[in-house]
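Here the structure is laid out as structure tokens; the discussion comes afterwards.
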């Protein structure tokens, strides 16, 4: 069953007693979800190529980051351009600690997680206190300025961050890529595979946490605030507090996503984690999947990352079909242009995104069948 | 015997710019009564509501709720205490379903708004309670509709259902029939009558339909330029020539 | 009383760097800071205008700015290739500047018209959509810019006369800095006149709130909106050319780098207030220069600190309303 | 009829998928006030907005002073001398009372300034709040401002949508007087639910039902026609 309030409401209304006793059976959509997770787990064994595994790992990480962003944008109605910055904070905290310690051990990763959480929570609290009370648009501006500042800091504070060259580092303990544990199914079980599964399970766990959060009473209040804040206050909700909850939680998850990202690449630089282009990508992923759907983040992340890996080559080979045309060559080189155009078109003409559109359609059908029922009565 | 009034204001004033909208106003509303507030446009009726429900902070004076000073309390806190209000222009969560609109109100009343670890479907009793409220205002057939697709009259009913769901001891109704077509008005009237006959809530009502006020009210306060010029029983008010001059402009027209 | 105290406090802060800097250097830095401030004001003014009147936060502003910078660069590059720039007199150089600024302004206005008609017009009244869509437009425009001019930094040929300076009381003042200050003040005056003395301000603010009423009163609100947006874009482009000459270089990412200044200025000054932006830009320009002289690495950080402090005292900015 | 000021001929209007006006034909002569009556949703407001060009007519023609206007832009129609007061306190909340008036003076001339003085005479409360934001006015004061601001310009035709909605009786009386005064000078088309007010100011009237005109006649004739009133107005 789609995570759809309409459907649950219907059950509750028409069938109070039934819904209480019934243990929910596995629906086709649940099976689909479990299937995807199992498939993700099997990928390293089915496809020996690193390329596929790399794409899968990035899809998972970005699903997580995009979902946490959706919590802010889609469920709370707050546009924070600093979300990419929190992602960067996570990535840099693990990179810096492992890089600056002589002999990193497993607990250094725990320390990195703690540091990034503390920094993210602290910073998101500060941002909220400064800007939430004024106006949503102000929040957007302030976070954008902050994100730019973080990028500049990453580039210019060379003694700490290594500047534009970035930091490469090695992972400790079982995560070390040189670690091997033997072979299963013709596939070598090594540190990289361990990290892959760490990403898989962390994403699963945190994503489930986000789903639970949005489906909890708090999540419901957030949606009401997005819709009509004044009314939510009149109902007795202290809206400010709820918005802070959402921002702190979302930002923390984003920084955890950053940690996973850095661990997968074993390399960070300012452009790869702090640049506005990352933020634009996250935005595009949310929009394509559908704001306020959470599950849409899977669709958005998968679409964009797969295209990103495949579009440049496709354009290049297409450009070669037209020989000696400089313009076409240049147009093929700037493949990000097409993302930008797609972005604008999606915002203007497809604002609900893939999953949002499907759900709206589905809800319409539920209402129609309900009104037919009423007429029959 | 003197009862503690459910709502009392003392010397209440508020200014906007240089303009005094409510001017040293004292009003007392006895518990479980229905008091109407009438007066020409601009007399400060809605402003008074905003002061009582906490949307505005007064420039001077006090607001008391069951004898307790709530002047410095936020709007959200007052709602939790039991002061519920409806708005002059319809004010609902338009992108949420009808049921969800009411469910949120019940959730607020039961103080489980801060729970983030439990799935909301673990609270079926909330939905049942919401369903009951919707039944009271005869909207039970529209539970799954998005609130924005309701007609104007239905939205006003939903607004009252939300208010009931908060289970407030004091209801502030700001022109519940405003903008409604004539054929929808009796339904609202009936609903207010229902609430009143349960004898467990205090109601403050702002309304322009004079017949309706005469039929419903226990007492009527007449506001003019931010002051109360008369506060009495309906009969006394309708017999008061000063009031009739100020409010009805001479000749009383009963439609 | 209070405003007097504020002015005194402001003056005190302004003179504070004299504790560490000798007076002549201080004056030099002040002139440089003022001219930087005016350049930043030029960038921020368009943003403020569009936000204050049309209630649109235009994040594509940085892209208009960058386009303007490249247009100015192109004009000067052409003049240089014809050999006009090198030996030009001060007045000749001024003419080149006017042509460059004019071209940039026209192109900026044209881009503004296109953007407004194609995109912005569909999202009036919806802040979230505006933010999203202008981020997208910005992204597209920077990519187009890279297609036209390439991804590398380019050196902007500068008339030598601009780099000349004259000396007053031992303080070196470059001619270009004077031009920058005059231009900033001129733009400020034009904006103030437009907002205070004409009805455009009223019409546009009214149109933001309720198009129907404005149309039925007899105004062609669509055209007026397009014009205001184009004007904001033109200011951004002019600011871009000025900044290109000031830095003597252009690069595709320059929009983002300077957007941060514009944002800080608008936040400090109060959103939508032209006077606020003017004052905010001066504060940012001066403090940036003083601090860059004393502790070079802290320059941008100090601007952030000033922003934070002002937000703490006045959450709506210096001149912000409601 | 060539001397009619405004003629609608078989006008259809769609809003989204809804077919709101289903062939409205009516014509009004210069002078006096014409009232549009009918139930909620009968299409009265849509008729006014279609005349004003805010909704495109999908079929039919509209003529104003002999010129076809059903393809014109709203602001052009307005400049031809048609004024419009939409329903629900149609003022600009973020503008002061003064700015609201300045906005309505498309050209600030001696006449408009004189008109403004006259209007302020009629609604003295507005002078008191001259520098106040219109959003801070009470509901009734907003409605007064909404009407007062169109009186400033010399229109030849005024379309007014439910001016008495949400007003206290005494203010309705005041409004009635203002309308009586203006209708000597300017033709008024009024949508009104308050039948007393309609009778007070109206000369002739049209009743709309389900997007069509079902009655046309003098308003005092209608007042006598009890079955008609019952059937279409629920009175």
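By letter and in written order, the chains are A, B, C and D; residue numbering begins at 1 in each of them.
Keep this in mind: a contact is a pair of C-beta atoms (placed from the backbone, for glycine too) under 8 Å apart; a residue touches a chain by one contact, two chains touch by 3 or more.
From a predicted model like this one, the values you see are computed outputs, not experimental measurements.
> How many steps does it take, at the fewest, to get from subunit C to subunit D if each step moves to a chain that touches the one before?
The distance in steps between these two chains is 1.
> Farthest chain from subunit B, going by mean C-alpha coordinates, please.
The most distant chain relative to subunit B turns out to be C.
> Calculate how many whole Å lie between the centre of subunit A and the centre of subunit B, each centre taken as the average of the chain's C-alpha atoms.
So the centroids are 44 Å from each other.
> Any idea how many Å lie between the Cα centroids of subunit B and subunit D?
The computed centroid separation for subunit B versus subunit D comes out at 32 Å.
> Which integer distance in Å separates the CA centroid of subunit B from that of subunit C?
Spacing between the chain centres: roughly 50 Å.
> For subunit A and subunit D, what's the span in angstrom between their mean Cα positions?
53
> On the basis of the stated criterion, which chains touch which? Give every pair.
Final set of chain pairs in contact is A-B, A-C, B-D, C-D.
> For the complex, which residues does subunit C have touching subunit A?
The touching residues are 57, 59, 119, 122-123, 127-129, 131-133, 135-137, 139-140, 143-144, 146-147, 256-257, 259-260, 263-264, 266-267, 271, 297, 300, 304, 307-308, 311-312, 315-316.
> Inside the complex, what are the residues of subunit C that reach subunit D?
199, 202-203, 205-206, 209-210, 212-221
> Hey, which residues of subunit A end up touching subunit B in the complex?
Against subunit B, the touching part of subunit A is residues 5-6, 8-10, 12-13, 16, 19-20, 212-213, 215-221, 223-224, 227-228, 230-239, 242, 245, 366-367, 370, 374.
> In the complex, go through subunit D and note every residue touching subunit C.
52, 54, 73-75, 78-79, 83-84, 86, 90-95, 99, 102-104, 106
> For subunit B, which residues are in contact with subunit D within the complex?
For subunit B paired with subunit D, touching residues are 16-17, 19, 38-47, 88, 175, 178-179, 181-183, 208, 210, 246-249, 253, 255.
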